[in-house]
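Dropping the structure in here first, questions after.
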Amino acid sequence: MIEFRDIEKSYGDHLVLHELNFSVAKGDRVTLIGPSGSGKTTILRLVMTLEEATDGYIFIDGQPLTHEERGGKRVARSKKDQKDIRKRIGMVFQQFNLFPNMSVLENIIEAPVHVLGQSKAEATTRAMELLEKVGLADKAEQHPTSLSGGQQQRVAIARALALDPEILLLDEVTSALDPEIVGEVLGILRNIAETTDITMLIVTHEMQFARDVSNRVLMFDGGKIVEEAPPSVMFSDPKHQRTKDFLHAVLGDAEGTIGTH
Amino acid sequence: MIEFRDIEKSYGDHLVLHELNFSVAKGDRVTLIGPSGSGKTTILRLVMTLEEATDGYIFIDGQPLTHEERGGKRVARSKKDQKDIRKRIGMVFQQFNLFPNMSVLENIIEAPVHVLGQSKAEATTRAMELLEKVGLADKAEQHPTSLSGGQQQRVAIARALALDPEILLLDEVTSALDPEIVGEVLGILRNIAETTDITMLIVTHEMQFARDVSNRVLMFDGGKIVEEAPPSVMFSDPKHQRTKDFLHAVLGDAEGTIGTH
Amino acid sequence: GGTTTTESEGGSAAAPAGEGKLQALKDKGSITVAIAGEAPYSYEENGEATGATIALAKKIFGDMGIAEVNTVLVDWNGLIPGLTAGRSDAVSAGMSILPDRCANADFADPEIMYTTTLMVQKGNPKGLTDLDSVKAKIDAGEKIKLAVLAGGIEAGYAKALDLDVQSVPDAQTGMDTVDNGRADAFAMTAISLNFMAEQNPDANVETTDAFVQEIDGVPQIGAGSTVFAQGDDELREAYNEGLAKITESEESYLEVVGEYGFTAENLPPKDLTTEELCKGAPAK
Amino acid sequence: MISITTALDWNWDTTWDVLPTLLSTFLKVTLLVTVLSTLIAALLGLVIAMTLRLAPKPIAVTVKWIANFIRMTPIVVQLLFAYYAFLSLDGITIGILIFGIHYSTYMSEVYRAGIDAVPQGQWEATTALSMSTRRTWTAVIIPQALRATIPALGNYAVSMFKDTPFLLVIGVVEMVNAGLIFGGNTYRYIEPLTLVGIIFLLASYPTSLLIGRLEKRLAFNT
Amino acid sequence: MDEKLAALVEAMPRLLDGISVTVQLTVLGGLAAFALSVALGLAATHPSKAARIPARIIIEFFRGTSLVVQLFWLFYVMPLLGVDMHPLVVGVLALGLNYGAYGAEVVRGSINSVATGQWEATTALSMGSFQRMRRVIFPQAWALMIPSLNNLLIHLMKGTAIVSFITIADFTYHLDQLKRVTDTVFSYGVIGLLSYFVIALILTFIMNALERRAKRRLGQGITLKSVLSPAPATATPGGGA
């Protein structure tokens, strides 16, 4: 369970998230949509502790993430405590961010061996299973830079899963990929969603995917949630004008919809 | 009129375009579609003389572009001749490529003043008209880096138009933009297509736009044209299996089509 | 005793300064002397230290019962800091006894008298004889370029005469400068320049007759000596005793330093004292 | 501090004696040479970088190896060589020229990196706009490449600063050697050399602060 | 000319000794400088001020004062304060401190230019700060810093010429001796320039080989041409005696 309580985030004078309150239940698949700059990425980065909230608290299974209230004051948790809780969260980035100084396999076993303290053999067995799952078992010894974008992103997904996270954060994981390859990656994520109960927080512009995978869609604008609904409702019957405009812009005119061949 | 005659292009051993023959009539709007790496960008780059064909000839209004046949031999034209003909062609890039060391206005008047030899006043008047047209008259004095991606791309379009080109090349001009902003830029291009008779060669993944604007679609694969048809035919009734697969991958399943709200 | 070169030894080569140092050196049987590599005073030839002041040091320390004289070759500007830092026991480089210097290091009794000379191109095309002649020609509108050793005594003379000079980092460069025509004359001590002219017969240079420069009517005769660290009085006095035996007569003096081109002219007069030179009184 | 000055036998009279000499040689030689040579290095470096890029291959290769040779050999030796090869020029002129030339070979590398860092798209845009080669360089490439090179230029100026003592070999006495000569005349070295270090520090630290700020500002803007 | 060659042949054993001293100083000084560059460079990028501030002071101090002054203090003044070191140790230490301070800036710059995404990925994998540096960031920064470190190493090699100031008979010292029996142009201009150039070329080839290896590990190709080129792939904003 992830809980945002009164979260505020600003960069300098610029308020990016504004008194945000929402929670994500265990096993939930939540998609965040909304226009550019609305704060979607920022939310994932807060959960991954890549950024610190300016105010408010985030709880993971009831435990405070970076800050807690002690004696009426907001104090930072110890680095060690933060690290322990961070281990339960995985993230996949738009730009993959594989380590170019390691082979595909080394990328995947790095954290299991050096963070979780697994033996190399044990980690390798698990890594090969994951590579199998993303269809890249034959690329284990290769160098990430020799792979195509779609393949790199599949390795990045395997790497995040190798830590057996309870929560998986996905930030526009297909937007750096060629349109024709996007499908492969989304297929793998769909498979993960179907076969595991990992809590997923997904930022995407692929409305199709949002509809297929998530059980809840949050529409953001200007650092606030403007609408929240199951995808079936959100895409067919949005309430807010802002959501309507956004979906209209992203999906095109209803009458112009292609693919009705 | 643009004519490709027996064009071959290879990088080292890698043959990218293979005996390409096609022509684009004056005022035509041609869209190039096809999977990544099929050679679409290469075609535009050949016309813009950013690359040289390995073999074959390109003619603009019957005049050879970079090479001509003389005494049965393929010889390069003089730099001056190439330059003269190049002035009639404009290009807009995926990454905008505005000059960051110049203001928006300076970007636009650069070529008119220093290439066409217009006076600064004359060029400025025309530039302001163009900025008006793309809805950015108030940004003339700003720095390109202070603009959003969509705004930058609109400036880039104005810059290309400032040379009054007979041919306009557009290479995925919206794929570096946020989905919500894509519409603005496409709207402007649509407007140009409607109000001018500039010959347009367009590489795009926006099938909607291809359908709206172009009168001809070329489907590329592996450096060859696999199918050629008006958009109405191409999108609703593709002949080739390759085209069908491609459109399926890019547009998604027919039954999953979103936007039927 | 032999002479060995110990270029790369640490400061530990020297004995601790002060009381009892003389005895310590005698017990050890060796002393470390710093040199700057300037011919014909103290320099290295084929890796061996040699020269007039080295000969003096060997003789005097040898007689004192210090059989071995080790040398350490130092940049000119490292001689005194090295002595102060205890990296050497004495400096044997024919250093001039000057009032400013006396306040910061202790000189032994005078060992060498200096006269000045000019090195000019062969045939002395500009007809120069001494610094006064240089000044006279310049005042007469002729273009004469004079080179001096950066920081040398002659630089001081030239300054007193208000002459524009060109500094050179070492004697060799001074000679090259004249040889190449970059300068018309190079002023330095007669001993050095004569020795160098002799060693380089192919160079297009010769030396004028030695002269004693007068500044404000006062003849400037320089005298050089060995330098000891402040506080090493016992050692210095023992050295002075040994030195006195050599400077006693022309014969005994030339017997030691004659082979390095020294003449009777270089023998310090008996009544000239370091104390006097330190006060700035002109040498007679 | 007091105990150290006592241990070192620090002499304040000497300090005041030598300071004017050090400051005047600093201004008249060290700073003069640094400023003029920096200008030469900045201009000549650009010329070299552009030659490497634009000139026909044989010329470019020749220039490249000459520049490599100059960059990889000690400046002292170059000073000496020029001093005896060009008898009509005086020491300080040769010093300024040689420092300028020596550092121009470093600057050319900086410019080269700066030019390489101009995105390919900028070059393509100039072709798409039919801009002339000259206009491409003067209006687009150089202005963009230059921003990245200013911090490096500052760093090289600071480094040149500290190479100036080599000028002695060609008869030019700058601050460090003025300090050493003072030491040779009086046998007091600690004061002049410590002051030299302090003056260097006072001159180079603000420069390096300035460079740091410049670096941040330029990075933000482009 | 014959006489000069004869003098050269005669001086050859000592010149070779000198070259060996110069190479020793370059290699040992280079290693000391490298160790210091890494230590100071890492400290200067450390999030904690307690590490950053002392590192900055040391860097600015040793970059800001000059090598001559540092040599003088270490060799002639430290003994007065009770610290007495062998000249070679002083030479290596001074070269290490001076060029290490410059190198620290290179290390800091390279570490900072490793893509932010790489840092973020290490956080997303819960890696500790030491592990992150050792296994991900430094190996990537290493490839970036080699060309600049090479420039500095050449600077350092040229800087060894100053150590004759502290009674070390390096190559320049013996060139100076050769000058006495020949002349300046022959000794410095011909023998000196060529020898230093050859040493610099050898150093550069070694560093280029290191760079090629580092880049291959990162999956970046490097052409044969750039390997053979003596010019560093990127320029150092810094360096100097």
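Each chain carries a letter (A, B, C, D and E) given by its place in the written order, and its residues are counted from 1.
The rule is simple: a contact is a pair of C-beta atoms (placed from the backbone, for glycine too) under 8 Å apart; a residue touches a chain by one contact, two chains touch by 3 or more.
Everything numeric here is computed off the predicted structure, so don't read it as measured data.
Listed here as common contacts of subunit A and subunit D: B, E. Listed by label, the chains touching subunit C and subunit E alike are D.
With centres computed as the average of Cα coordinates, no chain lies farther from subunit A than C.
For chain pairs D-E and C-D, the one joined by more C-beta pairs in contact is D-E.
In terms of their C-alpha centroids, the spacing between subunit A and subunit C amounts to 82 Å. In whole angstrom, the spacing between the mean C-alpha positions of subunit D and subunit E is 18.
Note: centroid distance subunit C to subunit D, computed from Cα atoms, is 37 Å.
Chain centres here are Cα means. That of subunit A falls 45 Å from that of subunit E.
For subunit C, the set of residues touching two or more other chains reads 77, 81, 173, 176. Residues of subunit A in contact with two or more other chains: none. Residue positions 72, 76-77, 80, 184 of subunit E are each in touch with at least two other chains.
In summary, the structure contains touching chain pairs A-B, A-E, B-D, C-D, C-E, D-E. Touching subunit B in their complex are the following residues of subunit D: 119, 121-122, 124-125, 127-132, 135, 139-140, 143-144, 147, 221-222. Subunit D meets subunit C in the complex at residues 83-84, 87, 91, 168-169, 171-173, 177, 180-181, 183-190. Across the complex, subunit D is touched by residues 48-50, 83, 86-87, 89-91, 93, 95, 97-102, 110-111, 114-115, 145, 159-160, 163 of subunit B.
Chain contact summary for the complex, subunit C toward subunit E: residues 7-12, 39, 44, 47, 72-75, 77-78, 81-82, 84-87, 170, 172-173, 176, 179, 202.
For subunit D in complex with subunit E, the touching residues are 4, 7-8, 64, 67-69, 71-78, 80-81, 84-85, 106, 109-110, 112-113, 151-152, 155-156, 158-163, 165, 176, 189-190, 193-194, 196-198, 200-201, 204-205, 208.
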